[in-house]
Amino acid sequence: MKPRARDLGIGFAGTPGRFDAITDVPGVSVGYATIMRGEGPLVVGDGPVRTGVTAIHPRGLGCHEPVLAGWCALNGNGELTGTTWIDESGFLEGPVMLTNTHSVGVVSAAVVAWQARTGRLFQPYSYPVVGETYDGRLNDINGFHVTAAHVLAAIEGATEGPIAEGNVGGGTGMICFGFKGGTGTASRRVEVPGAGIYTVGVLVQANFGTRDQLVIAGVPVGRELPDDPSPVLPAEQGSIIVVVATDAPLLAHQLERVARRAGLGIGRTGGIGGNGSGDIMLAFSTANLGAATADPLARIEMLANSRINPLFDATIQSTEEAIVNALVAAETMRGIDDLVIPALPHDRLREAMARYRRRA
Amino acid sequence: MKPRARDLGIGFAGTPGRFDAITDVPGVSVGYATIMRGEGPLVVGDGPVRTGVTAIHPRGLGCHEPVLAGWCALNGNGELTGTTWIDESGFLEGPVMLTNTHSVGVVSAAVVAWQARTGRLFQPYSYPVVGETYDGRLNDINGFHVTAAHVLAAIEGATEGPIAEGNVGGGTGMICFGFKGGTGTASRRVEVPGAGIYTVGVLVQANFGTRDQLVIAGVPVGRELPDDPSPVLPAEQGSIIVVVATDAPLLAHQLERVARRAGLGIGRTGGIGGNGSGDIMLAFSTANLGAATADPLARIEMLANSRINPLFDATIQSTEEAIVNALVAAETMRGIDDLVIPALPHDRLREAMARYRRRA
Amino acid sequence: MKPRARDLGIGFAGTPGRFDAITDVPGVSVGYATIMRGEGPLVVGDGPVRTGVTAIHPRGLGCHEPVLAGWCALNGNGELTGTTWIDESGFLEGPVMLTNTHSVGVVSAAVVAWQARTGRLFQPYSYPVVGETYDGRLNDINGFHVTAAHVLAAIEGATEGPIAEGNVGGGTGMICFGFKGGTGTASRRVEVPGAGIYTVGVLVQANFGTRDQLVIAGVPVGRELPDDPSPVLPAEQGSIIVVVATDAPLLAHQLERVARRAGLGIGRTGGIGGNGSGDIMLAFSTANLGAATADPLARIEMLANSRINPLFDATIQSTEEAIVNALVAAETMRGIDDLVIPALPHDRLREAMARYRRRA
Amino acid sequence: MKPRARDLGIGFAGTPGRFDAITDVPGVSVGYATIMRGEGPLVVGDGPVRTGVTAIHPRGLGCHEPVLAGWCALNGNGELTGTTWIDESGFLEGPVMLTNTHSVGVVSAAVVAWQARTGRLFQPYSYPVVGETYDGRLNDINGFHVTAAHVLAAIEGATEGPIAEGNVGGGTGMICFGFKGGTGTASRRVEVPGAGIYTVGVLVQANFGTRDQLVIAGVPVGRELPDDPSPVLPAEQGSIIVVVATDAPLLAHQLERVARRAGLGIGRTGGIGGNGSGDIMLAFSTANLGAATADPLARIEMLANSRINPLFDATIQSTEEAIVNALVAAETMRGIDDLVIPALPHDRLREAMARYRRRA
């Protein structure tokens, strides 16, 4: 079992859910297709290939009832398709898919085909929600190796419970703060007195930041590890997609507020929303099942605005931890043209934390 | 009894409410303070004065429970204060006030004082919602003749039932399409099968447009009445505030959608959202009483998105008719420096409509 | 030569450019791939096929320098990918593609592949801008008949000068106000004293509205032609994409303002931005060539806000006329399951206009 | 001379300007009116009074030429009037005023009166830009002690060079992280190779956060000083206004991007944009003098998007330092009902920083 950030003794605020994962939100399931093949020099169309697809089903594969949702961008040098309808309707109507930047189209097409074939279209038409980050430094991104079959594999292979992190799914070929990045997840449980206990779960596809920016639990880790082997990378090709799930009963405009807080979680790790970065956050609530299909009137439960702060805290904390989890889980990767991106060294991370009195 | 646009035989689509007014939405009350004094040359600080204040209480003077709300701008050369909190919270917490551009501050201050004094603060702090249009061509706007007493008079004098139009309240000194403009109102009743009958009511403070732009029920009235006495006015000092009330159970993001349609109603009368115009639309719903105060959880009723079109139609129709009602009700005014702005001539309007086969 | 709306004597305001088309804006070129095959009952995957792809190159096929751009939605039940980066950067980096709703993915993928292969990526990554409207009532939309080859054909076949309208390109299978809709275009020339003469060109893919809503030049044409053969259509599956091009030197936030006015043009034809409609508007300026590539500083020319009204007028007028042009050009189509959507009858349109004194 | 955060040895990233203040941006001047009188129990209308007004002139008192500007809210439980026109036009037309929440109206009215009287109206009408935070725990806020005279004093007393911090101007009665807050400022100089050296200056009115949230330079100072005398305060009545000035040539949409980064600076100090907090950020650029008045065409210089990251960094760093400067400068205050809010103890802060190896 691979260690996660908490296993390294990093102290995060808040109380995680059972799996410390987005799947702690009941119903949420996650599937990956990870595509890795080939070594050596880049031959466009041949590889090497270091990429994949991630699928997040807000209510699981078996239930395609829409969820209330909101989104925003900390810096919009990126893509999350389908947002115009989320803004207008307040609902997210299908799975959330993550992949590399140049496979957004093929993933979108495969999602529509799957929805049409399996009767999952909510309206006669669908605007798939597909996010991306750029893996073209490790992956033959212009070889277009993601296929409809990979998309289906991610969609249909989705599971609840513990999920893999690091070099998996859409996060396979990602780089984060000059270390190997990728997929990470975390969760928080918060109690709202009189209302109940809610879970906030986050999944990130982390591909942003420069070495010197990295901060973990307040410690300037990036500046502590300057000499660690790191390729010379242009600062400006990263991005992060943050997907926030919760079972708290929030309306669409409240979920947009939650999404905005994920940006503060990015900030806690040192992110600045750099110009080249597509830092896009999406939040949905699995509460209010039936709200999208009730006709003509839906009864919706809403958490009072005055009670929302614990969910903001949970979002910030989960986003921060999910990013660090991605870094901790990701393994050193050799990609196109033999570029090697090192994993964040666990031992040196522990040492840095200790120097700053931040290890438990 | 002054004729309204319908009395002139102008055919509007849709079914109005009892008073064809925003007050057809149960609970909504409207109060005016109209300030007119002096004649002759402008002496800043002395007059002549042609201005006022309008107060709209979403739930009447007796109930200061917030309403769900949304807003947008067709062209933002104007001011509607308090919108940042409407966007964030989804709620409108006090009355909606309309006045002239340079009295926004005094009205805002008077509203806060009234709220604090009478225990109407919903939070410890208040961000009054005050909209404006510019009456400086007829009114000594920089003489600042609106006082806290006027604001209180409008707030406390609010009534249900039929309300005055034309040269009243905040609309007193307005000009619209080169004719005398001002305050107008209209409403529509729409049935949503299975849900019930809802009312949409609109109140406008209409101060926009150039003579040649005016269209009424599809007829280019402005171009039909080019020779009518009209002062040479700069094209670019107008604005319109549209307040849309409904008892349909709409969420905040749906109310923003409704507000956007008010812009199409402006468009039907020939408005283009010109650069100098502050065309700002606010929509609120009186449904879901208690949603803002329920703690920690509120139960909210939501009309399905798929059922919202009749409300869009009603908003467009009511906005169009409210603007025409403002024009029909407003009487010729002599303002500062003896500038005379003519009323829209009813007889010539009838003739123009007849020529285009648009009179009933 | 097919007649256009002006040829039927419909009086539109403003002065069109040479071709009364988006291509009147110097540099703008448009290409179509029109896919029509098969007759009879729908067999998903086999057809009948009534669809296509439209490509708009802001600076022509030969110049992939980004243009300043802005966008907005009147009603967002639709998709225009790539908007997050337009909002953030202020620039549009590639062609604008239009197709059917379920081919957005394949078009997006084909655009990226073409950009990567031909060296047209402006950044290392690309977020193609692909808009859509739904043709699933006439076309085997879930048969996914648009291929990368069609996308390339539209991209590489783009031309300047007069362009086809009606059942062509992405607009092939569209329905508008219960008549056959599709692709339409129009333009206006406006003089800004002291600055010069600018062109505004619009291309629409028109697929929205119900019969009773249609208004042409102020005349309620839809209500005048109620008995015209028209299939019973659900009201709620339409959409319109409006692309506005201009050579006026406008900044990104000014182009967003222009895009918003295209919504008023939709309104002039009777559109209400219905819930089922994806009414999305994009505006770009071909001025300021080099602004996106200048490094570190660009010199940009900006038209004063106070001079922008003629461009707003031109946008509204061009949008209205482009929609009517689409209706006038589109021919009766028999689609899947032998559904026949009639063309707008030119003779009856002339009659209706005459009855309302609107024919020249 | 009072120590500032740097004087306590706190290590901030980046290079400050001469005064480490917003006034390092050439032309920017700042004026305060500080109103403190009375002691003891609250008698509404009598006091005690602990409030004030801050005025920021983007180009100094002598030049009222508009500046390009953008804004956003991290959490919109607050007010910044005038933003609708900033969004629409891209320009900020007058001074930026900061005061307490319930004095927004009187300040707005006084600004308009001053503009009208002194010929500073840019259009015939003005929408003053007035921000606020809530000082009602220390100040008789509903006594409305800010008058037009105070507004004028702040406006006309504005100076360049070093400016006061802490309990001054609009920030007089503020509380931040359970310590005395108020006004703070900081600046950064950044070089953009090939373009020049630019300054980013920030002024904050800091009134947000709970004790446990406070982080300074990565150190959880709030949790280190839990036993420090601190009144029991409700968590949810804070806010922060951040004003960012720069001489870098940025367009309106780029300045909105800069404003968004100020939110990351708030996050670095522990802020979460809590529901009760009005965290609003405004950014303007003093470059491009004449852009707003050029007619019909302006020549504008724009920094390339690809060069903007140093300005993002500078904004985050300056916002963080300005907040800490406010805390360091503010002195213990006894307010209404003898509530005492303690200053952040400098010695204990030094100790905490040292424990975490963060003191220089």
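Should a chain be cited, it is by its letter among A, B, C and D, assigned in written order, with residues numbered from 1 in that chain.
In the analysis below, a contact is a pair of C-beta atoms (placed from the backbone, for glycine too) under 8 Å apart; a residue touches a chain by one contact, two chains touch by 3 or more.
The structure presented is a predicted model; accordingly, all values stated were derived computationally and were not measured.
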Request  = Average the CA atoms of each chain to get its centre, and name the chain whose centre is farthest from that of subunit B.
outcome  = A
Message = When I count C-beta pairs in contact, which pair ends up with more: B-D or C-D?
response = B-D
Note = Expressed in whole Å, how far the mean CA point of subunit C lies from that of subunit D is 45
Key: Between subunit B and subunit C, centroid-to-centroid distance (C-alpha), Å   = 34
Key: Whole-Å gap between the CA centroids of subunit B and subunit D   = 35
Note = Touching two or more other chains in subunit C are residues 75, 87-89, 257, 276, 305-306
Key: Residues of subunit B that touch subunit A when the two form their complex   = 87-91, 192-195, 249, 251-254, 257, 291, 294-307
Inquiry  = Can you tell me which positions in subunit D touch subunit A when the two form their complex?
reply    = 74-75, 215, 218-220, 235-236, 257, 260-261, 263-264, 267-268, 271-276, 305-306, 308-309, 312-313, 316, 355-358
Note = As the complex stands, subunit D meets subunit B at residues 44, 73, 75-85, 87-89, 101-113, 116-117, 123-128, 134, 136, 141-142, 144, 237, 276, 278, 280
